[in-house]
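Pasting the structures here.
Shared between the two complexes below is chain A, which has chain B as its partner in the first and chain C in the second.
For the complex of A and B:
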């Protein structure tokens, strides 16, 4: 089995602060591997544990990706193929870049997260599958079987589940219920630095980035508080609070 | 979101691998330790033998023990700074420091065994410790006083291929663990093989239990501690206790020197644990300052509060410098084996870290409790647990605070001028 896992670097969202007056995010924070990318990688590792083979982490991002990709290598990817001059990210251009990297090799399975924890556009699996002309299975909460050139997955459609079988090669995107990603141990981290990383530029891949849309604003949502003040005796106030909770919840 | 936006630092810097390791330990601890530490502290307070074996096993699986030990002995093959990072993070998640101390003893002392012990002893003990199936700490303290290591009384008589040990050790961490863990374990210990003073002492790997079997002549007791529950403290009497000569650590009658190097290594990670617990305390304080209002203003608007906080913050940063300065030096000596650095070079840097880190943590815990007010005096608020646990490292545990001062004064002023 040769598995490609598309992983994304994102800002460490826990550290992003918001300017109170303008609601703009302050993005001067370190980057890390996106959560669902880790679920996809974990699933690839489980398949490799059963069937053997190789896992290649594929990613496009900023120069910092050279560092972030080590998280994927430490988790268990055997090598990586990345583009590090891709800073003007949009789902369509990202899908194009990933597809160009994927085309450089042949894979039995391409795994992705369903969406990334930052933009959450959820388009990548479908766009990559279309570009590469491969079948796709999205919203996968369980991979039941991989054998004889076929894959069987459970799709979580919220109200119902669907079991889908496809020929390989195939693009599969996973949800966060699928597994609990492993945390790399020190030995894995020390090994990661020695694993090969192929670094392409957009020019190597013959891609010129164009954008079909523009981000006009990127602001934190405004939260209007009602700030209702309830006055009176304790018992009375408690009664009113209970009433409000009953109404609102 | 992290509570405190720590200032950027270009002096105390870490490699990519070290940062990645810190993140991974932090994530592990957030998943498995932070949600459970109060419960562990409470349960083991009721019953010290209620040892969190499940968490110990998970920590072992994550590779948090024997961090600088060689991979051929089942260690992690990391640096001493990696160990230091891990202990800071574990104690941040468990500021009672019980789990950090479990991890640091089982990192510092197996490493000291690797430095001086026989191949056979290392092959037998270190893999079990790394796998979380055995405990391996230090047993030097005796009833007549811990600080006077050179005066200890336990005797070891050589008879053929074995040493026969008689004596008593007190206030020893891990007396419960060696009985409860699957394989067992023991300690890096000292006993008198020669005459009076430090030149008559030899070091041994004393296994109270191995392969699940208790050794003859080992009679333990377990103490009721006031803090750091989750890691037991106890004592034991040795009556004609047999130690095979393969467990002699280093040369006969050179044990004092070996144990002092071990103490230096262990003290670095002890201090690391206390700066981790202090970081948790600083965050508790800041969160409180941002919500608690009195007289219509945040309590941190009173300079009596915020200036004290600023002083404590400064002491915490200073402790952190001391700790990592010592760990980097330990890497030069023991990992990189750079001949321009010698083990004795560690004395003052380590004593600075061990003197300052625990004291800062305990003083900070007291301040935070005052800032929280009466709530902090209830058992519902966990802050007191981050006070009583780290206090063991001011009192003693790897050397009393005055002994750290003694080392600094002796090496800086000159031994002859302290007489």
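For the complex of A and C:
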């Protein structure tokens, strides 16, 4: 089984601070592999444990991706194919880049997260599948069975649960609950730097990115919490909380 | 200006149609039920992306809409982006509002996991998926031309079974007081402590995603955050919740927030007016006694 996992690097959101006066985010923080990408990767590793085969991590991002992609290799991807001069992040341009990388090889299964924890746009599975002319199974909370040429999945939709099957190759997007991604051990992290990484430029792939929309503003909502810290004995603290509740309702 | 709309839920469709009409669009709707529209294409229900995408594609070739609109449900996001890719168009999902400009639209959506709200302008034609609950609109009058429409049966995957989820009516949106519980709770039985507190305060119970989607201790309707409900009570009491942004975005519009957490450095602190450092198992019984 040859599996591609599309992964995304995102800002470490916990570290993103907001400028108090302007409400603008400060994006001068390190990047990391997105949570949902880890879920997709974990699912791929489980399939490889059962059926054997190869896992290729595919990604488009900034030059920092050369470092971030090691997280995917440490988790268990066998190799990676990445573009590191991709700074425009619209879903359509990301899908184009990922599809071009995917086209360079042939895969039985393409896995990704059902959305990313930063943009939460949820378009990548559909766009990649449409571009590659493949069937898709989105919002998968359980992969029931994968065999030669066929996959059966449980989909967790808004109002219903669905069991569906598809022929392979197929694009599958997974939910955050599908598994608990493994944390790489030190030896896996050390091994990761020896794994092969193919690094393409947009030019190598013959892609020119054009912007299809304009960001008019990107600001944090103006909520200013008092952030008053209360500590002490349970009984005393409970009294204070009751007092606040009494004032507020 | 013409808009083509699809939503699998009639109430979502009605909300979105009214909004589009208010903005001056002639509204064409593909629907499984009788809804408000100038031109209604009434079809038997189908839930596979391939058939719905094909239907939208057919209708859009016929109608030539300036804007194609979906409800930002999971199905809506899946179909809107597959359709947009087929047409080589921009698609913006999870939109919280919609404004019409000069042959362009402007929408708002959360970015950075909910840390910020981004305003995005794109030229028409475009595809958007709107969060129906967030869209405000007044009632409008429509032409109501109805036509039966056959969605082409062209699935690319096989449906083995489909089971409706059990739904519970939850009054989170209207609640004045909400008690939110997170993974600080050690076991399901301990929910009775939270329920007792909620009862004393006449409050609704909300939760973080692990409690509803991983442990299934509470129904999904009670989950608050980026992928759940956005609430705006007068008072919200958050118990054993770390306050990661994907959750915190859902409580932003609360008037007052009290949080109880053992970790003085939990991100929840910056989302709280009163941040109580302490153990919920010690504080809640005392608090219940005090009320």
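In the analysis below, the second predicted complex is superposed on the first by the 222 of 249 C-alpha atoms of A that agree within 3 Å, B and C clash if a C-alpha of one lies under 4 Å from a C-alpha of the other, contacts with A are read in each partner's own complex, and residues count from 1 in each chain.
The definition used in the following text is that a contact is a pair of C-beta atoms (placed from the backbone, for glycine too) under 8 Å apart; a residue touches a chain by one contact, two chains touch by 3 or more.
What you are looking at is a predicted structure, and each value in this text was computed from that prediction instead of being measured.
Trainee: Touch check for A:25: first (chain B), second (chain C), both, or neither?
Mentor: second
Trainee: If we overlay the two complexes on their shared chain A, which of chain B and chain C does A:187 touch? Say first, second, both or neither.
Mentor: The answer is first: A:187 touches chain B but not chain C.
Trainee: Quick check on the superposed pair: does A:51 touch chain B, chain C, both, or neither? Answer first, second, both or neither.
Mentor: So A:51 meets neither chain B nor chain C here.
Trainee: Would you check which partner chain A:70 touches, where first means chain B only, second means chain C only, and both and neither mean what they say?
Mentor: After superposing on A, A:70 lies in contact with chain B but is clear of chain C.
Trainee: In the overlaid three-chain picture, which partner chain does A:14 touch, first (chain B) or second (chain C), both, or neither?
Mentor: So A:14 meets both chain B and chain C here.
Trainee: In this superposed model, does chain C or chain B come into contact with more residues of chain A?
Mentor: Of chain B and chain C, C contacts more residues of chain A.
Trainee: After overlaying the two complexes on chain A, where does the chain B footprint on chain A coincide with the chain C footprint?
Mentor: Correct list for chain A: 14, 16.
Trainee: Using the touch rule from the top, collect the residues of chain A that touch chain C in their complex.
Mentor: So the residues of chain A in touch with chain C come to 11, 13-14, 16, 18, 23, 25, 90-92, 95, 117-127, 129-131, 135-139, 152, 157-166, 170, 175-177, 212-221, 223, 225-232, 234-235, 237-239, 241-242, 244-245, 248-249.
Trainee: Taking the touch rule as given, give the residues of chain C at its contact with chain A in the complex, in rising order.
Mentor: Contact set of chain C toward chain A: 47, 49-50, 73-75, 77-82, 84-86, 88-94, 106, 110-113, 115-123, 156-165, 167, 176-177, 201, 209, 213-214, 226-227, 234-235, 237, 244-246, 252-253, 255-258, 260, 264, 267, 269-279, 282-283, 286-287, 289-291.
Trainee: Under the touch definition given earlier, write down the residues of chain B that touch chain A in their complex.
Mentor: 1-2, 5, 16-17, 20-21, 23-24, 27-28, 31, 62-63, 67, 71, 76-78, 82, 86
Trainee: Inside the complex, what are the residues of chain A that reach chain B?
Mentor: 14-17, 32, 67, 70-71, 74, 183-187, 189-190, 192-193
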